[in-house]
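Down below are the structures I want you to see.
The following pair of complexes shares a single chain, subunit A, combined with subunit B in the former and subunit C in the latter.
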Partner chain A sequence: MNMTFTQQAETPPAAGSAADAGADPALPVLQLVGVSKRFDGFTAVDDISLDIREGEFLTIVGPSGSGKTTLLRMLAGLEQPSSGNITLRGTLINDLPARARPTCLVFQSLALFPHMSVGRNIEFPLKAKGVAAAARRARALELLKMVRLPEDYYGKNVMKCSGGERQRVALARAFAYDPDVLFFDEPLSALDYKLKKLLEKELKDLHKESGKTFVYITHSLEEAMVMSDRIGVMRAGKLVQVGSPEAIYGAPANRFVAEFVGEVNVFPVSRGDGGWVIGETGEPVRVALPEQMAGARQAAVVVRPEYMRFLEAPGDADNVVRGTVYNEYSLGSRMQYQIRSKHRVFLVEMSRAQTRAGDGKGEVLIGWNAEDAIVVEA
Partner chain B sequence: MDAARNRRSHGLIWIWTLFVALVIYLPVACGALAGLSKGRYFLFPIRAFSFEWWEKTLDSLEIQRIVQTSILIALIVTLVSLAIAFFGALAFARYDWRGRRLYQKLLLLPIFFPQPVLGLALLLWFNALGIQPSWHTAIVAHLVWIVPVVTLVIAIQVYGFDPAMEEAAADLGAGRWMILKDVTLPILWPGIWSGALFAFLLSWGNFPLSLYTAGADSTIPKWLYSKMVAGYTPMVPALGTMSTLAAATLLLLGGAIAGFVRKRRAN
Partner chain C sequence: MSDAALGAAGTTTGESRPKGRALRGIPAGVRCASPVALFMALGFLAPLLTVIGFAFAEPRTFTVFDSFTLENFAEIFDPADTVWMSFAWSLALALLTVVLLLFVCYPIAYGLVRVFGRWSSLVSIAFVFPLFISENVRLYGWTLFFINHGVLDGLLAQLGLPGPDVLFTPAITLFGMVYTYLPFMLFPMTLGLSMVPADLVEAARDFGASRTMIWREIELPLAMPGILIGALLTFVLAAGAVAEAKILGGQSVIMISHDIEIAFTYSQNWPRGAALAVLLMLVIGGLSMAVMARLDLDRILGRR
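Up next is the complex of A and B:
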């Protein structure tokens, strides 16, 4: 306990302390090697290895129950891994308690102290470090400015703040701790859409300005896409894919990731004697197989709705389907059509500007080119 | 039409509420009046009022001693039961541990045990251990019954306590002591405060446990009973009224302090 205090007292609370520490940019700030967490016969996190890079904005996405919160809690030191190792800049920290780690977690509930004013909430980590009252106050006022709250919020009852304001207070409190890594456990999930969008962008700005490492978890890929440098997708305790937002979107590792990313057309295909056919119906289909799947006999074809087109003639695309439009949705700037063919329902999406008079009525021809489809493991 | 019916049902609710309040408080008022009677015996209606018996009660050395004993017992019971019940409530409602459900059930048992039986059982137990019953043993007896009650009162507050608060505090660098002092205790404070009031007032007014286990020492309820059985004087209702007023004052004061603190926190 004393060790941590003296250690942190030497570093004045200032933005960008991660850079001051002279960290080797090649060395991951946090590294997980084969980390698992089991609770009475249930494996919440299953053998995850991951490097978290200095200064990046990493988002872990996954449906609820996929183990992302447990993973974050292990990184924060609120939970100990059952097996595997977590290292911080090369030092093993498996058993280092949360309060001794240079990391800070913004909880889903925010966990603001309801009996303290906004100012005292923000000052809490400074008080824990033994900073004098006047210096605490000065720093709290600075942080209020940073999170764009007026100075007179210092004395305000935190329970009288709105949802977005509380969000900012929690953020300021986390920054007051001056961590190298900030963790976020879906803090924006309770806010309305517009405010959420605004705070996402502010968080991204703050990440850039502070130079700190952000690890964010959410079940919303949309949120992840807006903010992250890299995205990790979790499913049933396993890390399914890690990559840039473009990679996750453009080259999903498997059907789960592809479907998680958004509404897609997806169907199983298998290699028959005369080429590829659609799984259940045996219709022939042209598939552009990626190299690493050259020998595969089974696969899943994913066609994003925006790569599906209405066709003038059957020769206009590699794969052609005849169907009837039975639903159309306005998605604001985009239109989405549901087309029922003999065997399945297809989604076609296009920008409103591209729609033509005849689209979306009666019998239509739709299709896609083989190279626009993503082929993943079944 | 509807408005008229609404008004009528409103009126009926008021009348009923007043009636119930009257039924509840009339005996208390009668007791108070009996203590203000000039006569030696309890006669109704009271012919002449005087503060004579109040003065005698206040002057009596015997009564001063039993009031001191009652206060001492209640204070010690309050402090000890708060210390035990605070941690007991955390074990009851905050932490998940093997045997927690059994603990929760065992804890409730003394509350539902009839107090005279509990008092007798404790007396036999003290006897078997060779302990002379006195106000010391009465404290133990009160605790057996009051600790579970206070534990439940505090546990209600603990149930509404987000464990993430403590985790957040630890994550922000606070040690165990700072978490307890700056986070847990202040958040659970309303429950602890009402637990303290419960503890004091339940001990202050307890009769059956004191009757069995206080030995030769007397408390206010025990003295009231013994004087009713033999040697009635209007000092009985006078002391009873004083005791009730003291309890009510304590309760109001407790509520006022809680309100004041809440207001200060809310700025």
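Up next is the complex of A and C:
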């Protein structure tokens, strides 16, 4: 794939590629220090500090209203931070308008120009840069190929394209601007599952091939897991945790992240005289406390359903619960069981290939080992 | 009428079923549209045909569809007849009104959509309110404002300044027309501008487009349906305007509607009035068709 674009040199250096600038890959391309955004009396983004690394695929996830769109709009230059600093390779860009930033936002609505053909849509950023018509056309055809659309789509009415095709047009248009950083505001949220999966993979490929920095926001952690190098989890305007997908999944910083990652068993524990007990019931429980929480007296224990096991005998696991199977769900390749014990409901998941101990609807023993549980701040 | 027949057909049993079947042969759309079609035929098409009939009747007669002559048109196109000047004044002033209104209304419409925020509705009401008062009364109000020893002249005299002599001129006629038809341009234009999605403008800005490029390539084309409707509406209304020329303009120019009125009243020459009306309809109708052909009503109504 030919990603070079010679006309670039004629225009002011709004978007010089990372390689041209000789940027240190260790240096963040975008850096946020204590960035907040307040709208009369409401804090949408609350004191966020974050380094966005050169060439990474960073996904910000969070429930709706967590401030992730506002954060992205500040990065793109469509909003100004109320306080804090945003720097681009060391230059303060707080008040630099969107048009002067080497970044480009793919809107949730895609914001395709409905009165223009596919070709004219893709050429728009080039026209804004003053590229000649013939060169614009040549580049647009190249980009159509890149996003796997046939060349004869050039003259097609963009409103006559299907949802997936529109995604590709929006992507080609963003690439026409040749930004260093691409922002995505949940562009796949309106698509059906299969198409979404396909486009997620294509986007990931495109990220690898182009070497550009991608910052993606979504409320779907599943989407984030598939595509990202790093994931940032937002809640109520704050960045709760940033890390690799493995770190987010395997070592959630707190109960919110743990629960956001998927269905989990969570319960509060506290340190009693004779060791740890489950908060409400006082049943003893074995807890492997991480070092940084050595002195804690309260914590939350998170046990993923796949670490819960059906037991043959009470001695087979550190912690054992007696209960009855009261629901079972097929999750495709896996089965999920809801086990009702005296005080709460536990989720147990296992592969279909496995057979569980204690068949039937009667009383079962389930349990988990202390080291398989994640202990987070309560 | 056919509605009643339809209702009957729906509830009939046995013997009258064949009649119901016959009605069912007509597509539902045609059946349901028939009451409106009938109303339009009686209330709109019939008077129109009568006027057209009169246009081809013998001059100074009162019988329609009796005779056929082109004499009325020959009279109008006779160079000795000065009625063409009324046509010229009406169309020229209407065109000028539209052009001036485009410039006057665009900033207001832009403000209503993008700038005024929660004050928008208040500003809109301020523009609608004068419509509750008769046009003639409002125009007489302006006469009092501009007349010698009136509001403006009196105020300037207090300051020792000479009062302007603006009343009873073609210019003040134009002013009156711009004033009268402003809401009819403003609101379609506001609708047009509000149809430009904000994220499209933001996206264009993000791609490095300049203000002029955004205006030329995004805002204007997307707002164009509303702007064209406003222009068409004001042009049609202004081409038929008469009160402004009479009251503010003091007959310094004669509008075509005035000539038509005279033909039907003082000179009692209905066929001439009808012929003038037909010509005016042809001119305005032709222009409207040309504009409508460029409009995409589906998009205006948000179906796309």
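Some observations on this one:
Everything below uses one rule, namely that the second predicted complex is superposed on the first by the 357 of 378 C-alpha atoms of A that agree within 3 Å, B and C clash if a C-alpha of one lies under 4 Å from a C-alpha of the other, contacts with A are read in each partner's own complex, and residues count from 1 in each chain.
Just so it is clear, a contact is a pair of C-beta atoms (placed from the backbone, for glycine too) under 8 Å apart; a residue touches a chain by one contact, two chains touch by 3 or more.
This structure is a prediction, so every number in the text was calculated from the model and none was measured.
Annotation for the three-chain superposition on subunit A: subunit B and subunit C clash.
Applying the stated contact rule after C-alpha superposition, one finds that A:F57 touches neither subunit B nor subunit C.
By the touch criterion defined above, A:K129 lies against subunit B and subunit C together after alignment on the C-alpha atoms of chain A.
Of the two partner chains, both subunit B and subunit C are touched by A:A98. Looking at the shared chain after the overlay, A:S117 reaches subunit B, while subunit C stays out of its contact range. Once chain A of one complex is fitted onto chain A of the other, the partner contacts of A:K156 are limited to subunit B, with no touch recorded for subunit C.
Judged by the number of subunit A residues each one touches, B leads among subunit B and subunit C.
Residue contacts after overlaying the shared chain place A:Y249 against neither subunit B nor subunit C.
In the superposed pair of complexes, A:W368 makes contact with neither subunit B nor subunit C. The contact surfaces that subunit B and subunit C form on subunit A in the two complexes overlap at residues 76-78, 97-99, 103-105, 107, 109, 111, 113-115, 124-125, 127-129, 159, 173, 177. Those residues of subunit C lying in contact with subunit A across their complex are 197, 199-200, 202-210, 213, 217-218, 221-222, 304.
Only residues 14, 76-78, 97-100, 103-105, 107, 109, 111, 113-115, 124-125, 127-129, 159, 173, 177 of subunit A touch subunit C when the two sit together in their complex.
Taken together, the subunit A residues at the contact with subunit B in this complex read 1, 4, 8, 76-78, 97-99, 103-105, 107-109, 111, 113-115, 117, 124-125, 127-129, 155-157, 159-160, 173-174, 176-177.
Every residue of subunit B that touches subunit A in the complex is listed here, in rising order: 162, 164-165, 167-175, 178, 182-183, 186-187, 189, 265-267.
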